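Down below is the structure, laid out as structure tokens.
Per-chain residue numbering starts at 1, and chain names A, B, C, D and E are given in the order in which the chains are listed.
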Amino acid sequence: ADPIFVGHLVDYTGPTSDVGKPYGQGVADALAWINKNGGIAGQPLKFETVDYSYNAPRAIATYKKWVGTDKAVAVQGWGTADTEALVGFVANDKVPNFSASYSGHLTDAAGKGPKGTKPAPYNFFYGPSYTDGCRALVQWAAADAKKKNVDKPKFVHLGDNHPYPNAPKEGCAAYATEMGFQVMPPIQYSLKPGDFKAQCLSLKDSGAHYAFLANTGGSTISLLKSCDTVGVSTQFLANVWGMDENALRGAGDSADGVMFVVGGADWKSDAAGMKTVREISKVSDASGSEYRPVHYMRGICSAFYMRDAMVAAARMSGGVNGPNIKAAMEQFKNHVPAELQGVCIPSTWTAEDHRGTTKVFIYRANSKGGQQSISMAGEAEIPRKPEWLGW
Amino acid sequence: MQSETTPILQARDISLRFGGVQALTEVGFEVRPGELFSIIGPNGAGKTSMLNCISGRYSPTSGSVLFKGRDITRLTPNQRATLGLGRTFQNLALFGHMSVLDNIMVGRHHLLKNNFLTGGLYWFGGAQREELEHRRHVEDIIDFLEISHIRKSVAGTLSYGLRKRVELARAIAVRPDLILLDEPMAGMNLEEKEDMARYIVDLNEEWGMTVIMIEHDMGVVMDISHRVIVLDFGRKIADGLPAEIMDNEHVKRAYLGVDDDEAA
Amino acid sequence: MPEAVLEHPEPVDAGPKPAAKPPILTVNNIEVVYDDVILVLRGVSLSVPEGEIVALLGPNGAGKSTTLKAISGLLRTENGEVTRGNVNFMGEEIANLAPEEIVRRGIFQVMEGRRIIEDMTVIENLRLGAYTRRDNGVKRDLDMVFDFFPRLRERTGLAGYLSGGEQQMLAISRALMARPKMILLDEPSMGLSPLLVKEVFDIIRQLNRELGITMLLVEQNARMALKASSYGYIMESGKIVLDGAQQDLINNEDVKEFYLGGGGSERKSFKNLKSYKRRKRWL
Amino acid sequence: MAGPSASLIPCGQYKTDYRRDSTIFPTPMSRGFAIAAVLLLCLAPLKIGGTELLSPYQLNMLIQIGYYGIAALGLNILVGFTGQISLGHAAFFGFGAFASAWLSNSLGVPVFWAIPLAGLLTTLVGMLFGLPAARIKGLYLAIATFAAQFILEDFFSRADWFTGGSAGTIAQPFSIFGYELSGDRHFFYVVLAYVVVLYLFGANLLRTRDGRAFVAVRDHYLSAEIMGINLTRYRVLSFGIAAFYAGVGGALFGHYLSFVSAESFTILLSIQFLGMIIIGGLGSVMGTLMGTAFMVLLPEAVQAMSQSVGNVFPALTEGLAFLKEGAIGLAIVLFLIFEPDGLAHRWKMIKAYWKLYPFSY
Amino acid sequence: MNTDLLTQLLVNGVIIGTLYGVVAMCFVLIYKSTQIVNFAQGEFLLIGAWTCWWLLTSMEVPFWLGFPLTLAFMAVFGVLLQVIVLRPLIGEPIISVIMVTVGLSIFFQAMMKWMFGVWAKPFPEVFGTKSINVLGLNVQTPYILSMGVSLVIMVGFAWFFKFSRFGLAMRATAFNQQVAQSLGISVKSVFAMAWAISAVVSALAGVVVGMVNGVSQALSFFGIKVFPAVILGGLDSIIGAIVGGLIIGVLENLAEFVDSQYLNWGNLYSVAPFYALIVILMVKPYGLFGTKQIERI
């Protein structure tokens, strides 16, 4: 049978390559594994992995080529900037884009959200949206503040001026205000690692109790180190791409106590589906000894939801094509790919609401004198408020 | 050459300082139209500085320069060129990567009307016609200076003597009424000096240009100039006919050396 | 170059001449090519006896400076190359040595156009002249140089602001600071006032006499150059076309006509050259 | 004593009038060659008997060479001809892209007009940033343009009304008389037309008064001024012209990609532009196009090569992306070590060699 | 006005500024002697820091040995780089050479990423006390040390260029290579020396920053910061490089102050130096200390 073409965008060398590498590897390994295990109802997947260095225009150019030349039926995407830029294109071309951008804007499938986001009918992602992740951390912070008897705690958003860090900025700030926080003016720090002592001094001066780090791990390391140097005592909260095992290692003790969002199982988990994950991991690591950071698992989930939708689409008239994949996705209710029980959070998509899951795991980074670990600190279920759709 | 017309150039009490160096001190002189006027003087006397004040490279600390009766002390060098002032340089200042032809065409700059728009549209805005027309003038100059064989050579690869000649050609192309020549014969052998002298005389007599020349070769200066001034330590120490200058004791001491004129 | 009329069909034999004293430098039939294609020297040979001044004359573009640069090794920075022949200095082949090696061996070139370092002071320029020296006579030599050129002592600013003549003096002084065995002088009188030309030539002779420095002198001022030197070469279009001892050259009719001015009799005036064109060449 | 350039005109080719002597193309042959090349390119997007002459991929490369080549020619006029190094060319390229998108999105200007208008707007910005050239020279100026790059990049990411902020903006497809030319096959002709017109314009400009003034300013600005050239005017003008070319190139880029965002216009692209003209040959019009082709095709070639390397040494796949990046850097270094005067120079040497063959010495 | 924050930011500016100054000096050194604008200056820091990191962690060499080894390696590296890559370019147009350093910068960045990964790695603890308090700001010991070292290097450089024979030779080479050669200066060794010194001192700075912030790709951004610094100071002035570095460091932090207290733009910090750069150049076209180019005809 003809192979089904899937475009796979990754950032292995650009500013988000720190987290792009494990996630992209997860997707690639999963797709390879799927092919080895029967493909899509007998049809193999053909996928091309393109490293676009987090340069949105390059992603667009690549996308155009996939659609024009390779007749791609779906795309496994990466960044917020490119995914949001592609929203109109994928809707026109009817090519579902399974992005690694969990920007809330992408969840408003029909454009009915109250914030006037443009409709994103062909955008899907697996995992809690950035805003929901941030909301979960705000919930945790509220409880923490109560415990510490802080009245009217101060909350601040830190991130680059870039679609990805900007995505949860307003929604989460609104929620924080609602939760009784005093929201300080956001502080900007580059997605590229650097020296951020000046920003840390501003942060320190602002007296913020809780700071949400919206960048990725690499720059977060720099920030944590810089803030440690100037003696900032703020409690840091990190977005889903902002902290992981690698970042923890890089930041050392300055990362101790950082709370962060996780959207699936971690490598140490003993969930049933981890057996499959470990097999998938062997695709690129025959020895099976490599440790996979949290993003790897989400990459696998993303690929598997797409596979399940394709399998369902194969049974529809027209076979595996964009509209059928979309339709199949929108029929999933609390769905978990069969092989990945306990790894992926059960997810639901509807024609209007592409918030797959609103459940958020909150982890804590621990680092004391060379002993490092991450541990689950709780989970939150963010309500699916209609007024939060697309926000 | 003793006509009573107004001087084409008047330098009035020009003084020039650079930090601690007083390069010129109240130097004044007049050049009449049609004259071949020489400035001589020891090295460092301020001759080049004087030319720089006239052509606008330096602005004098005090004093003024009048060209055709008009005060040009405040004008920029490029404005002076359009008034009809051309010059050559002591240390070669050609456009090294351009062809000889283009170098000379640059001299026509202020006479040409085409600009980047009409130039870019070449065939449509009259630029072509204009370029070709001026090319004809330039070819006349090339013929006159006998450099037609190197027309297309890149200026920077020419030998010293030829470069000097191209520089002269470029200055002529400006179509100046007054041309300033800074040591046009330095670094040339006798034969080339003779050629150069011939060009300068022709320029003066046949093309009707007024010439101010700085030159160290006394033979040339004495033979071809109408009038000579001598600068020493930034001051004018003599002004007169060549023969008078040669006999001036002060000049002999400061400039020529006490012996004969063998050095020439 | 002006078109040439062949009048001397036989090129003058330009092989190295046995000289009175043993040659310190011999150049053997060298060929120089610029940019891999432009052939400039077409088999030049000459020799310079120790302790003497030898003049190298010729019209513009003949290849005089190129010859000097071929000896001092500075050709390569201009993308030129000695493609044939050899250069021998004090019994050693130096054609392929780096310029700094050649300076170390005692040949110092004073380049055409002065080439002093404009953004340094006079003293710094002079100290650089002594760069290859390791002895501690530099201070003393500074004084010596200032005795030769007293006016340099007073110029304490940047060399770039010196007048042309002052720069030329500085360039020669800088060569002296290296205490070379041989100096290659490229047009030292260019742009100098008559008084200074005399001065410079006096100094050249004095340096030769008192310090015993051998000189190869390229000049346009043939009269002065021949007066100062014991032997001369005349070069045209990349070839040596005539050579001989000082007196022979001074008395040679062609040399008189083309280089010294006036075929034996009177000096003609520059004024009356109008239609007078000579186009005679050795070739 | 014929200089090297004189020898490039083949023997037996005597100019009979000045007009013939001052054409862009030194021989009728080279002119015919150029015309043939353009005609051939016109065929490129066609399908003959159902098979494409060029794959979409190859066509895409050509289009890239086109719009980058236009911008690069502008830079060459600024750097190669006027001698002012600019490290901010990408910002002007970007400005053109944003301006054209903005004109068509917000003001409803048809794309056909938006492109040249964007070029003009960019000219203004270019002259504004070129103003320091009146006072600053050489590397100081180069680094002032470096500052312009960062200042404009910052502007792009915060001027929401104009650029869509850090998220970028959509650009309309090209259309003429209501007929949309959006696919690569159509757009190719748009780019080709711009390349031909702007390259001819550039070549003409450079052989006339203002072009000579540029080179004069570069080679010896002091004497240029004394020859009657207004230095400030030409320094700023050349920034303006460079910006115009960049603006048009950028506008074409934007409408081709249909999306514009600040990330495309970083200092890296500025440097790549410089690479194009240096590799092509400073001060060479045709060299610019060759250099652009080199810089566009290099990453593709490296990509293809690294893929095969990856197949042979699977252990290397891990670092393949970095190897690729490194190879691009290395290729630039090696190229310049072995061919420091650029492709145009090499091309000349090859031509000279064949003309003089077998007397190539 | 929040004077407390202001003081702290200013102290931070001075500290980071001296580092900029040191790197700028290395840049000026190469520029002064070879007329090459080195776009790979930032990568020198990167390579130096990674080498030291590798020696200390993977090879488990003690610091007192690993550090000098790093410097020695960098000296060799600088010389090799010059000999292999830049020497063939002697006499080529300066802009081609600049482009080569850009190529080198791309190449080294990629290689470093390949060899050491994209993640920042913490530097092993070297000093017992981590930081001391200056005007309410915790300052890391290596930074304090770096200020001391910087000062020594600065004085040394100034002396070197003004008085030493080799320093003069470097300046002569910068003026004109042919002239320098005619004076018996080995242009090759001058170049090699300049690159070696520059590489060593940059590596030193790289190690210092690495100790504080961890070693990562981020170090190469010093290579960008160096431009405003050297231009402010004047491309060919060692003193200027230091002053320029300090000004940029302080300016960035001042900008952060104004931004966080009043404007809330978010990134004035990173663009302010560039605005300042243009303004200063308009007033002083050769920077604060740069030598004016001699314009005589």
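Keep this in mind: a contact is a pair of C-beta atoms (placed from the backbone, for glycine too) under 8 Å apart; a residue touches a chain by one contact, two chains touch by 3 or more.
No experiment lies behind these values; they were computed from the predicted model shown.
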Notebook entry, point to check: Looking at CA centres, what chain is most distant from subunit D?
Noted result: C
Check: Comparing C-E against A-E, which pair counts more contacting C-beta pairs?
Finding: A-E
Note to self: Can you work out the whole-Å distance between the CA centroids of subunit D and subunit E?
What the structure shows: 32
Notebook entry, point to check: Between subunit C and subunit D, what's the gap in Å when you average each chain's C-alpha atoms?
Noted result: 47
Next item on the list: Please report how many Å separate the Cα centroid of subunit B from that of subunit C, as a whole number.
Entry: 29
Margin query: Rounded to a whole Å, what is the gap between the Cα centroids of subunit A and subunit B?
Written below: 75
Next item on the list: Name the residues of subunit D that each touch 2 or more other chains.
Entry: 1, 4, 158, 222-223, 322, 325
Note to self: Counting only residues that touch at least two other chains, what does the list for subunit B look like?
What the structure shows: 48, 57, 89-91, 93, 149, 157-159
Item checked: In subunit E, residues with contacts to at least two other chains -> 110, 113, 267, 270, 296-297
Check: In their complex, what parts of subunit D are in touch with subunit E?
Finding: 79, 85, 132, 135-140, 142-144, 146-148, 150-151, 154, 158, 222-223, 267, 271, 274-275, 278-279, 282, 319, 322-326, 328-333, 336-337, 340-341
Notebook entry, point to check: Across the complex, what residues on subunit B touch subunit C?
Noted result: 18-21, 40-45, 48, 90-91, 146, 149, 157-162, 183, 186-195, 197-198, 201, 216, 218-220, 223-224, 254-257, 259, 261-264
Item checked: subunit E residues touching subunit C - in the complex, by the definition given at the top -> 90-91, 165, 168-169, 171-172, 175-179, 181-188, 291, 294, 296
Next item on the list: Under the touch definition given earlier, write down the residues of subunit C that touch subunit B in their complex.
Entry: 1-3, 38, 57-61, 112-113, 157, 161-166, 168, 187, 190-199, 220-224, 258-261, 267, 269-271, 273-274, 276, 278
Notebook entry, point to check: Which residues, counting only subunit E, touch subunit D once they are in their complex?
Noted result: 37, 39, 85, 88-89, 92-93, 95-97, 99-100, 102-111, 113-114, 224, 227-228, 231, 235, 265, 267, 270-271, 274-275, 277-278, 281-282, 285-287, 290, 293, 295, 297
